[in-house]
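Below, chain A partners chain B and then partners chain C, in two separate complexes.
Up next, the complex of A and B:
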């Protein structure tokens, strides 16, 4: 737990000291405005929650992909990975703490989008507050687990970097964050469903609708399974990272 | 119990671009013992295997064969007990969080070594002071000079007051003043009873700070010596450089006992090699008496001493 806390506060300090990492948060109001303008123009007030949820999930995913996903590889590059491995602190715990800090910081996006909505005169009514809270928590958890998977993959595969970029926009589309999945061709649906963001988007939207959120258990199970799968893969890969450092000796140098 | 005990240590690396299975041997069966409270220098040119040895002792690299123990604990099988005992300083620009302050860096690394929260502040402040970094404690490390980073590396390695210190080229990039302070520091750490393994390619540094020095090259140990022997090695073949030496004196010089060679280059500079310190003084006096004022004495570099050692050995084998 000490190592987790140390990682958490290190990453908080790093984010604070290099706001460049938070540039995503600067784009959130913009996306919110664009989406709100679109719902307004199409006279679909019912889509307003989308305009708040979509930029939030986009920010979470972007931060997971580019900031949290980059953690270990950056440490390798800066020569801080080996000294970390040399300490008695378990590397996985340190990294988990750091990823949690990034995920927590990206939740600021939700508050931003909400405030922009208010300024735009959108008063969202939360019909199911508990669903909203549970939705935000499970989404954050699954984001963190997925980020751990990306972070380990990226440091192990030198050729992985080009894929990093291609994982952002296509993911927004596939996961139905911006445009609901129902609009996409049928054959895409199974793909959408293995991306956790699709479950998160549905779950969070349901909190703003008057109907009972009947899908909630299903959505929670899906998110839980995807989180567990991500975490399991990440911990297997974390062992590989340590082996690369200690047995092959190939992760020490840039 | 010994601080460090290394038996038959070997480490091979796969060649980066070599064919499959091709290996480069970085350490080739090293045996080395560092007693508790001893300051031991590991001397060797670039590529000798010093860093590889430090990494194995620091538990971040696994040996291909052989064993290494820190205070009796195996560095491969007893990670959890070994790691808190060691402080490691891998020199250079890397290895610190450049965007954070020196103080923040120390807090973080201290926490990873299990220093309790309430002690972190006091320890960090004390070490920043000890290394003359208090005035810059809250500045970003990326703005630091090479020497300041090097001192911060040392502070980092001492945060958890380890019993065994591994210092890999801790003075590279330090200005001469810091390097002198470093020697004082090693003295203090020795008095505190810490055992130190220190790598360097500076013979004079090894001579002044260590109890014993081991010379390694190409992954093998050439020789283990006391600073006295090291000094003797250095002053063996002490050299004098002089210009405008009268020809008559040159001839006379060549026949003196204790003078191994006299050579005048095309640039008019004469190089006189003598066997030891005792032979040096009379030769210098002769030159001064003859009115030669452009004089300098130089010592052989590490490479030359190596050649000499390898040469001596070669003769041992031959005879």
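Up next, the complex of A and C:
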């Protein structure tokens, strides 16, 4: 647990000192403003949750993709991965702590989007506060697990890095974070459901509707399974990567 | 005035362009550009265009697909802010400042790769996604679109260049400035909602951005507006772009002088 806390505080300090790593948070108010204007949210209240939730999920995903996704590779490039692996602290705990710090920082996006909505004249009514809280927590957990997988994959597959920047809008589109996936062709739906953002978007939106969130158990199970799958894959891959680079002697190979 | 100056500037411009082309080849292979970058940008266009379906205003889709397809080249052109900061992290910035020529000549051309890539990306979006959302192209309108996309990319590049000069001393802000700049344009320039949607001061601000005028010209082409009106907007876009280029040249000069005086130009990210 000490290693986890050390990773958490290290990453918090790094984020604080390098505001460039938090540039995603600067985009949230603008994305929110754009979506609120596009959906004419001040006159069509039913669409306001879509416009507020989408930029939050976009920020979570982008931070997971870039800031958290780059952690191991950046350490490797900076030459700090070797001493980190050489310490008695388990690398997985350190990395998990760091990823949790990034995910926690991403949650600022929710407050940003909410404030922009208020300034725009949109007053959201939370009909199911518990659903909202549970939705934010499970989404954060699944984001952290997915970020761990991305971080490991980017170390394992050097060829995948050029595509890193491409995993944003295709995922937003497929997961229906603004426009529900029902609008997309039927053959896309199974792909959408593999992306955790689709479950998160549905879950969070249901907190703002007066109807009972009947899908809540299924949404939570789906998010839990996707989080577990991400974490399991990340753990297995991390072990393999470390074994391989130790044998090849390329741990510090930038 | 030294008569050798123009030829010196031309030499710098030529070498700078060669760096831009080399950078394009270094950043992308045809596979990563086609299956990575282009897929991302086309998805963005579809993502925002489909938002039109939420508001029960199907006719909005043509408005949105034109705006978002043109926005693609504006996004790429704004990447000049980030790539200009690379000189600093590469350690070449002090050498450029020490060189016996104006600092701006190098930066004006060294990121032109984004104009090339952005123009092609936007045209692919207009000609492939456009018809799927109801756009009808003729030979004349397609030719006009090619020119307008190129002018948009160049004009926005000049705007980005001015921003790059402004943050020359603060390379850590490059991504924030670049992202806020293109999202600001996306909001204000009539890409997602008409310019008149915003309060008067913001409408006025939009008039200083090349994208506003070139987008209006492109929509005019597709809606069969009078040629003079289209030309007028296109020229306004060019004028604003040239204005931003002048700002960039002046501010790069200030940055170089300030850097020499304070010794602030060094390695940095």
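Everything below uses one rule, namely that the second predicted complex is superposed on the first by the 250 of 254 C-alpha atoms of A that agree within 3 Å, B and C clash if a C-alpha of one lies under 4 Å from a C-alpha of the other, contacts with A are read in each partner's own complex, and residues count from 1 in each chain.
In the analysis below, a contact is a pair of C-beta atoms (placed from the backbone, for glycine too) under 8 Å apart; a residue touches a chain by one contact, two chains touch by 3 or more.
Since the model is a prediction, treat every value here as computed from it, not as a measurement.
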{"item": "Partner chain(s) touched by A:10 [first = chain B, second = chain C, both, neither]", "value": "first"}
{"item": "Which of chain B and chain C A:2 touches, first, second, both or neither", "value": "first"}
{"item": "Partner chain in contact with A:85 - chain B first, chain C second, else both or neither", "value": "first"}
{"item": "Partner chain in contact with A:168 - chain B first, chain C second, else both or neither", "value": "second"}
{"item": "First, second, both or neither for A:94, with chain B first and chain C second", "value": "first"}
{"item": "Partner chain(s) touched by A:40 [first = chain B, second = chain C, both, neither]", "value": "second"}
{"item": "First, second, both or neither for A:18, with chain B first and chain C second", "value": "both"}
{"item": "Partner chain(s) touched by A:248 [first = chain B, second = chain C, both, neither]", "value": "first"}
{"item": "Partner chain in contact with A:30 - chain B first, chain C second, else both or neither", "value": "second"}
{"item": "Footprint overlap on chain A, where chain B in one structure and chain C in the other make contact", "value": "18"}
{"item": "Partner chain B, residues of chain A touching it in the complex", "value": "2-3, 5-6, 9-10, 13-14, 17-18, 78-80, 82-89, 94, 245-249, 252, 254"}
{"item": "Residue ranges of chain B touching chain A (in the complex, touch as defined)", "value": "13-14, 55, 58-62, 80, 83-84, 86, 88, 90, 92, 94-100, 104, 108-109, 111-114, 140, 156"}
{"item": "In the complex with chain A, residue positions of chain C that touch it", "value": "28-29, 32, 35-37, 39-41, 43-44, 46-48, 50-55, 172-176, 179-180, 183-184, 186-187, 192-193, 197, 269"}
{"item": "Of chain A, residues touching chain C in the complex", "value": "18-20, 23-24, 26-27, 30-31, 33-35, 37-40, 44, 47, 50, 162-163, 165-170, 172-173, 178-179, 183"}
